[in-house]
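In structure tokens below, several structures.
Here come two complexes built around chain A, the first alongside chain B, the second alongside chain C.
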Partner chain A sequence: MTKSIYDQLNASGTVAKQRVVETFSGSILDTDRWNTTFNGNGTTAMADEVDGGLKLTSSDNASGAYMINFNDKRQYSNSGCECIFVGKRTTTTNAQMLGGFSSSTALTGDVIAVKDFTGNTYKQLVYAKNGSWGTAINTTVAIDVNFHNHKITLSSSSGTLSIDGLTAVTNSSDNLPDSALQPFFYSGETSGASASIISQIRYMECYNT
Partner chain B sequence: MAYKQHFIEWFSGKQLPSYLVNTLSGSASHGMSDEIDGGFKTTCPNSTHGGIEINFNSTNTNTGNIRQYDLSSSTVIGVVKKTDLPTTGWLGVGCADNRNLGTDAANNYSCKYHQSASAYVQGRSGDGTNTTDISSTLTMDTNFHSYKSESLGAKILYTMDGSLQVTKTTNMPTGKGNPSMRVGMNTAHSGGSTAQIRYMEAYNT
Partner chain C sequence: MVFPSVYEMTNPLTTVRKQHFWEYFSGSTIISNGVEWQNMTDGQSASANQLIKSGTSWTADATGTRTFSSSEGAEIEFTVSQSATDSFCGFDISTNTDSYNMDYALYCGGGGTINIYANGSQVSATGVSYTSADRLGVRMDSSGTVTFLKNGAVFYTSSTTASGTYRVNATIYTSGVSLNVNMNSRWAITNFGGGAGATAMADEVNGGVKLTTSGNRSALQFNNKRQFSNTGSEIIWVVKQAGSGANGAVGLASNSNGYFNSGVHVDFPTSGNSNFYTLNDAGAGSYTSTGKNVSESFSYHTYKMTCSASSQTCTIDGDLSSTVTRDNNQDPDEKMQPVALAYNSSTTLHLQYCEAYNT
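Right after this comes the complex of A and B.
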């Protein structure tokens, strides 16, 4: 007997909330779903690599950056949502990868995300409210260029990041998002030097709780 | 058992996927909603029998139907809401053999709102000649609900928010169909009529 995916994801009698699942597999990025935002051009392309997913390459301009988002279709609740993504920073110097939720396509409003930055020792939970960034929280996971499973859980009172299911850090003090959110993934330059920055993502799932 | 056709759509992202085509009768508005849990929002035109439908029809004519689902052995689930309740408004989510879920002559099945016909959500099916409805005990409102229609050949089960509400054994559809969500009106109403959908799943059984 064929079973519905709906009944496997939702308890009987519940009305499913908003959800999206993206596997970044195919010939091109699904541009019905995803909007691209960039500083100084850049590209997205499906990687011709085993488990490569989507490759985001920023321009080689100083401060070049490339992001995928929902073009401000903000269907996820700051008072209860989760984002799971499998991604990595690929470039080894002067680079950062960000992924999670944002209220804007320019990261100028509310944000909660994981950050892997070559200037840091550890991966971090970062967050902002109305453009005001809180103090980033270090995880115990060192920065690297390997794929990891990142999970962000947001409520009205806290935001938690776990990586590969083994570690978790929580912010429950300040600067938590207080408005509706969209998923995003970002690859950017950090030094002001001229270099293209590559990050990759092969899975993202977001849902309201 | 070999995998059968199965479709799932979350209605989350920048815009409606291009494989889900809007079939229009008159001008209408639609787009992905910038609302928490808002899904896709569509408003039918302000005209008699104005309607808008999302389905797999590629040409807005019945020659463009892409029908991969067995109307006598399939299930369609939708999480939808009628955003407003104009007195002549209509909302359906189900499966039909053409591009118009509301046509009486279609082979079809759906859960539906039809304000001028009943105060209750209904289970509907048609055999290509006649289409009939049976009312549930659930009154229509403007909240999201889950509607599941299971076509089993000799009967159709209509489950609403997890509760089996209607079992229908008359006017059973046959042949092939495509999943559809339709919002429309019987007579003109200022501002049209609006509905939203944030989940659709269809599969053969």
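Right after this comes the complex of A and C.
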């Protein structure tokens, strides 16, 4: 018997909500789906590496950054959505990787994301509401340059980050997003020096709950 | 059982998912991509992949954001909004922003014909006409050969081999004219034997996408983005071929030239049985019969090929047909990409589904 993907993701009698699955494979990034925003140009390229996924390289300008997003097509609910992505920061110095949900392509509105920053000791859950960033919450997972599975669960009352299937931290205080969201992944320079920063992503799935 | 996510259908969250790709070949066309423009000057502006000119001048410039090397190649296809106007579109060294002085330029001239330019000088008055209905293209293959196309047919090949890192580049002279430019897609086609490969979604129940060639070999592949392991990966193709004298193949391979070096593939010859091949990067290897007469390839079957550290296997519709024990001599020895191949102009491959993943 043929089983549909629909039936494997939705209980009988329920109506599927918005969902996107991206596998970051093939010749190049699907730029019909993904929008790119950047400070100082930069590039995206599928990695010619086993399990390499998509490689985002920021420009070598000071504060260079490169980001993929949905060009402000915000279909994910701040009161009930999840994002699963497999990604990593590749550059080892003066670099940060961010991935999760944002209401703007400039990260100036609402955000909930995981942050791997070379200036920190641990990966963090970061979040903002109307451009006001809350205090980042440290996980107990050390920063590194390895691929991890990151899952962000956002409800009307809390935001939770799990890494590799284990709940890391929950924020149930303030500064949680209060507007509709889009997925994003970001690679950026942090020191003001001139250096290209590379981060990679090989899977992203987002859905409303 | 209902899964909360596609991720958890195939992986527990406690494992970090490896590269895993799938595609149902369905829709209007195979996935395409618009060029994203930057460095726009002198009256040129962009709306998505459309580059628009305001005012007349030869000094305008715009470049694509994506770079590509001459060893990976790229292809653009574009339309011009008005016939008998003046615009250039092609490839230039990535750091250049010098108007129409691009290395490989297709010039749509005011006389309604196409000329080829290199570094600001005309190298060929082709006499090929164009209108706003024509699909014009510039293709750089992975050996650096640059060809120019109209509606999918090559009409000029550059005598200068590309070398270095390039971007898409465009200059529009005529005010109000626009170019809609797309780059090559998730899937790329490489051609050999003087022909051209093409894909088209089939307007048929269960038709998938059709791969054809006018030459003796055209391969649909990932443009040498090889993310699948020669010692731990699997690929599933749902495919059939059509046409008297058809000869196609599907599998995984390191190269994009249709020879499946460092790879595994099932080939559908013009007679006899289908065979399962394993080859190393030098092209040495072996094959075993699948036990299926090639006549069966004219109906859809599911071909699953597995590469592990100890062997390569092929199953057809769930039944194991061939196993090749790895002897470290004639086995895949480089990272791989999905490949489908039409060997001759009699072949139409119907590709309905492809899934590849590392194990």
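One rule holds in what follows: the second predicted complex is superposed on the first by the 208 of 209 C-alpha atoms of A that agree within 3 Å, B and C clash if a C-alpha of one lies under 4 Å from a C-alpha of the other, contacts with A are read in each partner's own complex, and residues count from 1 in each chain.
FYI, a contact is a pair of C-beta atoms (placed from the backbone, for glycine too) under 8 Å apart; a residue touches a chain by one contact, two chains touch by 3 or more.
A quick note: this is a predicted structure, and the numbers were derived from the prediction, not measured.
Trainee: After the overlay on chain A, what do you see for chain B versus chain C, clash or fit?
Mentor: Clash - chain B and chain C, as placed by superposing on chain A, overlap.
Trainee: Would you sort A:208 into first (chain B), second (chain C), both or neither based on which partner it touches?
Mentor: After superposing on A, A:208 lies in contact with chain B but is clear of chain C.
Trainee: Is chain A touched at more residues by chain B or by chain C?
Mentor: C
Trainee: Pick one for A:43: touches chain B only (first), chain C only (second), both, or neither.
Mentor: second
Trainee: So, A:6: does it touch chain B (first), chain C (second), both, or neither?
Mentor: Only chain B; A:6 stays clear of chain C.
Trainee: According to the stated criteria, A:21 is in contact with first (chain B), second (chain C), both, or neither; which is it?
Mentor: A:21: touches chain B and chain C.
Trainee: Regarding the shared-chain residue A:74, is it in contact with chain B (first), chain C (second), both, or neither?
Mentor: A:74 sits against chain B, while chain C stays out of touch.
Trainee: With the two structures fitted on A, what stretch of chain C runs into chain B, 93-101, 201-209 or 291-299?
Mentor: 201-209
Trainee: Would you mind listing the overlap between the chain B footprint and the chain C footprint on chain A?
Mentor: Shared contact residues on chain A (touching chain B in one complex, chain C in the other): 5, 10, 19, 21, 30-32.
Trainee: Which residues of chain A touch chain B in the complex?
Mentor: 1-2, 4-6, 10, 12-21, 30-35, 70-77, 180, 206, 208
Trainee: Within the complex, which stretch of chain A touches chain C?
Mentor: Per the stated touch rule, the residues are 5, 7-11, 19, 21, 23, 25-32, 36, 38, 41-53, 82, 84, 86, 147-149, 151, 162, 164-166, 202-203, 205, 207.
Trainee: Taking the complex as given, what residues does chain C use to touch chain A?
Mentor: 1-7, 9, 12-22, 31-34, 36, 38, 65-68, 72, 183-188, 222-229, 335, 356, 358
Trainee: With touch defined as at the start, can you tell me which chain B residues reach chain A in the complex?
Mentor: 4, 6, 8, 10-18, 32-39, 75, 77, 79, 144-146, 148, 161-163, 198-199, 201, 203-205
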